[in-house]
Amino acid sequence: MAIEVSSARLAARVRKIRRGEGSAFFLLDVQMEVPSGISILFGPSGAGKSTLLDCIAGLAQTDEGRIAINGDVIFDSEKGLSVPPQSRQIAYVFQSLALFPHMTVEANVAYGLPHAREQTRDGRVSEILKMFRVEQFRHRKPREISGGEKQRVALARSLVTQPRVLLLDEPLTGLDAELKGSIIDDLRAWNAAHKIPILYVTHSREEVDALGERVIALEHGKIVSEGTPREVLDAPRRRRLAQAAGFENLLRATVLDLREPDGVMRVRLADAVCEIEVPLGHAAPGDRVRVAIRAGDILLATEPPRALSARNVLEGKISSLERRGTLVVARVDCDVVFTVHVTPGAERALELAVGKKVWLVLKTHSCHFVEG
Amino acid sequence: QEIRVAAAADLKFALDELGTHYEKQTGRKMDVSYGSSGNFLAQIQNGAPFDVFLSADIEYPRKLEAAGLAEPGTLYEYALGRIVIWMPADTRIDLAQLGWKALLDPSIQKIAIGNPEHAPYGRAAVAALRSVGIYEQVRAKLVYGENIAQAAQFVASGNAQAGILALSLAISPPMREGKRWEIPAKMHPPIEQAAVILKSAKDKDSARAFLTFLKSGEARKILESYGFSVPASAQTQ
Amino acid sequence: MKIEALLLSVRLALCVSAILIAIGVPLAYGLAYSRWRGKFLLEAIVALPLVLPPTVLGFYMLLAMGPRGALGKLWYAAFGHGLAFTFAGLVIASVLYSLPFAVQPLVASFETVDSKLLDASAVLGAGSLRTFRRIILPLSVPGIITALVLSFAHTLGEFGVVLMVGGNLSGVTRTVSIDIYDRAQSLDYAGANRTALLLLVISFLVLSAVYGANRRAGRRAWAPWPLR
Amino acid sequence: MAIEVSSARLAARVRKIRRGEGSAFFLLDVQMEVPSGISILFGPSGAGKSTLLDCIAGLAQTDEGRIAINGDVIFDSEKGLSVPPQSRQIAYVFQSLALFPHMTVEANVAYGLPHAREQTRDGRVSEILKMFRVEQFRHRKPREISGGEKQRVALARSLVTQPRVLLLDEPLTGLDAELKGSIIDDLRAWNAAHKIPILYVTHSREEVDALGERVIALEHGKIVSEGTPREVLDAPRRRRLAQAAGFENLLRATVLDLREPDGVMRVRLADAVCEIEVPLGHAAPGDRVRVAIRAGDILLATEPPRALSARNVLEGKISSLERRGTLVVARVDCDVVFTVHVTPGAERALELAVGKKVWLVLKTHSCHFVEG
Amino acid sequence: MKIEALLLSVRLALCVSAILIAIGVPLAYGLAYSRWRGKFLLEAIVALPLVLPPTVLGFYMLLAMGPRGALGKLWYAAFGHGLAFTFAGLVIASVLYSLPFAVQPLVASFETVDSKLLDASAVLGAGSLRTFRRIILPLSVPGIITALVLSFAHTLGEFGVVLMVGGNLSGVTRTVSIDIYDRAQSLDYAGANRTALLLLVISFLVLSAVYGANRRAGRRAWAPWPLR
């Protein structure tokens, strides 16, 4: 199967086996196209995200496959071609950073600019150090700065070069909310200015929402889903992914009947009596399935709601209320226990309290049918 | 016109004085390298830039002559080595009285000699021991110096209680204080020391001049005063 | 004369150390990073000059450098004179003899550089040479110092090889260690002591300057250093 | 000033200067008491969190101060006492992990148990490896496992010992949501079982909410606030902290008048006309101050709200609506632009759209008066 | 006789390497981790035996071992016989002579161990000894191998010191390097060649076995190795 090679994109087909001790091994088998812009690589720990980036950068040997940037083939196992990492023009921020311990922050950042004229180089280095707010550490060694500061230096070091592809392996972990926000803004601006494919590994839903135009979901070394953040993360097809993406409600259900004209099917939740409508899926009456619903997608009312388009209304009692930062997490017992998020403002307005009778409103299209 | 002389290490003291006289007499300079005669042989065979070779063992110059590396007819036996039994001054053994029997004293645990495999003084020492018939008795006590100077260090440092050394060393300033007993020359084959001018000598005139000086009575006197005897063949010249 | 010998020795040691670093660094790089499975054989060969007595090694060198030896013939063809008994000959012989002391510590240092840093360098566009110069070398400074000190000091003290291929020619090949040896051989202990002491003092000064500078720089320059 | 030393707690007074290149230096000057249970150490990058932990563990030299665990003094600069790190019985998970590269995962974890009998040791190691879901990697070296796996091994390695104090420096960054959740549960259980002081560094509001009983906020080397998560993070007194804690609305305001009987003061926002009531603070009429309001604390109505206790109602227009994962971020222009979070369910129910007229309801006590 | 000399040499080299590691490791540990500001002086002193010609060093050792030397008196008091011309004497002299070759690479290795790992070990309750045994030593294997190889090979080939304090006693102090030297001196070049060749072959086998094992183990056991 040939990969269509278009311009300003990274096309990769990668197969790699990692052998551990004994018989255990890990197989990465991936085929993808990354257009310019930020693509999020999302997946649980050990899914193979770092391995994939290593293969693309040429740091891990790819067993089989083909990798091309803007139509320029940098790896082809059939032709025995493998451009060495230093010639791939791929910038890569490692999970482990790997700052050069013997060089100052400044020298670390200037490292990728050996050919620039001194003035240009100094200017660009200063600029990027300022952008990542580490200019006051420019004469320090990596050992003399904090963890978050190191992270910013590693980012600066990679972004100052003019790469054709940018690989970022969890670049913002360990930064505080404000710094994260400002660096995200800078990354967006950088992206808008450079228009190159950026593969961005993160586990943070927040970062996905703030940065991602596309999400590639990796699991056990395989791509399990690909698309916009909403498509991938809000409508997951696999249980593991549903958990990883933070679907607070993941309910067992039995299919009752399919209503094909309406594009819905009725399911009964767990062994309870409550029934809800969910979008039509590949299932037959009697099948046991799972339904994933985000806690934030559930509307909570203190009176039976009237004149609403929503068909799924469940009556229940609040069994617990817990403040979590900007959120209030309510558990509502409707035979099945639902987790519902409301804002503190709503909590007060609705005078929510444990034991209070409430109604849950679930829009059909917020209920996701999940395999397995 | 400086001549380079390769000389056996046991000549050190004698040759220093010979050199001064030679330089005063002829106005020519000489530069001496001391070392092991075996090494010099190997070096000369491989092109070492020496003009004259003063060997501790006549065998080596003969080898050079045979190989055509020496000026024919210049081989000159300039001295015979003498050996002595030497003990530190503080020894309680009466060396002068006992002579070679002193070596059998139970307080003597180690006797230092030159390595008989390649050092002529070592060979002579073994021959002497054999000739008085005590070789087997003292054999286990023998320690070998790489050359005769090292054997001297073994005794001088007290690690060996007695040594069979070159007379030239035994009367040198550092060891003059010790007790010594000269082993009669008839107890060992002669330690023939010979000089030769090398084919590769740059300034053969100077080399010859030096050899001539070495044959002079003055040189012979100096050699004798440093513990060498001058062979009959040389005396007749 | 003593000074002459001392200067000669220092000159020889400097030349030899410089050449050893120049040869040893690429050689050690090859040994540390080559993926050739048989390279342990090469490593063993590099260590071999060590196991021969110096005078014996010197003897074989003398044969090689002599008019009938391969090296000697080559040299003669190129320069019109022999190689043995010249300063150049001493340098070559000492380089061969001290090679293991330079290469071994270098290999050991190069091998302990964190490979993640090499990866980082590569993705920043640096080729092997730049990575080597900017990352591997500076992080191997302790090993390089070791290599330098061992080769410098060893060449100063070496006399077997030097005696054999040098022939103890004053001003050309009579190094200070041969001078001391000569004095000790002729039982001139006072002279030997004086010269040895002079050599020791000078060496001590040089070595402690190197180590002192190394420490002072090291504390600040190289990260792996324990600093508490 | 003597520190009261009570049992089962960590009492520390620490002063340390870190000198960088040139004249710049960093001063840590902290005095705190950490009771048993999880205390969150919260603060922006470079605040001195890791430095503080290093001092407590004895890895960095403290210039001046006194540290005691359960009344047992382990450091006292006056008496010249400094118990070496290995005798302090403090477990510490570094930000940089520092797994032993030459040992297997198993050997890394067993390292802290040299005195245990072999069987007990193997049992405990296996148990904790299972707890952190890394038992399948037990025979691998750290180089052969993924970033998140390494993190879990580092946690396991520290928790398997029986420390008197536990220091965790951002132990859960880089883990996916599900793993994070399950490890948080394990940590809570561990905490309940062990009852020792735990100092937990994190930037994640989520982790604070899920784990923290107490929060200590550090800024520029000083403790700026201390208390329950709500006290510290929801009512910050400093601008930097407000940003770090994620207050989306940080507004300039001018104090109009103080109404001491009501415990409130009226302020005018920025140069706009709108006025709101905020809790009384140390200020005089005419002072320029800042007011911090969480986006989730603002209630949004599509009709003018009636019969509400809230006194601050501002009329405005929706200027943008953006979906961010489980949230909808609305910007509402009331002369001053407010950021408001609503749930997707509410967005639908209220039929929010750009340009729609809305009313913002701010409870007085959600408005935080911020210094500086 | 050749075999006897060879066995003696191997025995000597083994003893000396073992003792050097035993002495060198703690010494190198002190040099690498001590916070004493003047330790560079000690480092320089450790390197000093190198700058003296071996025979001269041997001569001073001979003096020290003699009845008027400190070492000799001590030894005599303890064992009732002198130290010179014994195997023990050889061992002591060779240890002193080869000390720098062991200590230098060890110090360089110890110094490159990441201090963060030492911190980690300490907070896990390990004292200096445990940290040293379990962390520093295994991570310094390349340096230890270097130290071992250099001291082993160097002792095999060493002959100046051995000659000086050994007295060339067959079976006791006549090592194979002295045997080769003797043959060369007595112009028995064929014999010297044969023995030298034998020594080279055996050394080559030993060294390549060490390096080979090191490589094979290293690839899997020590992380800092580049492995791509």
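Think of it as A, B, C, D and E in the order they're written, each chain with its own count starting at 1.
By our rule, a contact is a pair of C-beta atoms (placed from the backbone, for glycine too) under 8 Å apart; a residue touches a chain by one contact, two chains touch by 3 or more.
Owing to the predicted nature of the structure, the values given are computational and were not obtained by experimental measurement.
Hopping across touching chains, the smallest step count from chain A to chain B is 2. Counting only chains that touch, the fewest steps needed to get from chain B to chain C is 1.
A separation of 90 Å divides the Cα centre of chain B from that of chain D. Measuring from the averaged C-alpha position of chain A to that of chain E gives a distance of 57 Å. Chain E has its Cα centroid 18 Å from the Cα centroid of chain C. Taking the mean of the C-alpha atoms as each chain's centre, chain A and chain D sit 23 Å apart. Counting partners per residue, chain B has 39, 42, 150, 153 as the residues that reach two or more other chains. The set of chain E residues that touch two or more partner chains comprises 55, 59, 114, 139, 181, 184, 224, 227-228. For chain A, residues that reach two or more other chains under the stated contact definition are 59, 96. Residues 4, 6, 9, 12-13, 31, 33-35, 39-40, 42-43, 45-50, 147, 149-150, 152-153, 156, 169, 172, 174-175 of chain B are the ones touching chain C in the complex.
Of all residues in chain E, only 32-33, 35, 39-41, 43-45, 47-48, 50-57, 59-60, 100-101, 104-105, 107-109, 111-115, 118, 139, 142-143, 145-146, 149-150, 153-154, 156-160, 177-178, 180-181, 184, 192, 196, 199-200, 203-204, 207-208, 210-212, 214-215, 218, 224-228 touch chain C in the complex they form.
Taken together, the chain C residues at the contact with chain B in this complex read 55, 59, 62-63, 65-69, 72, 82, 84-85, 163-164, 167-170, 174, 182, 184-189. Chain contact summary for the complex, chain D toward chain E: residues 57-59, 84-92, 94, 96, 98-102, 111-112, 114, 141-143, 157-158, 161.
Within the complex formed with chain E, the chain B residues making contact are 36, 38-39, 41-42, 63, 109-110, 112, 115, 117-118, 143-146, 150, 153-154, 157-160.
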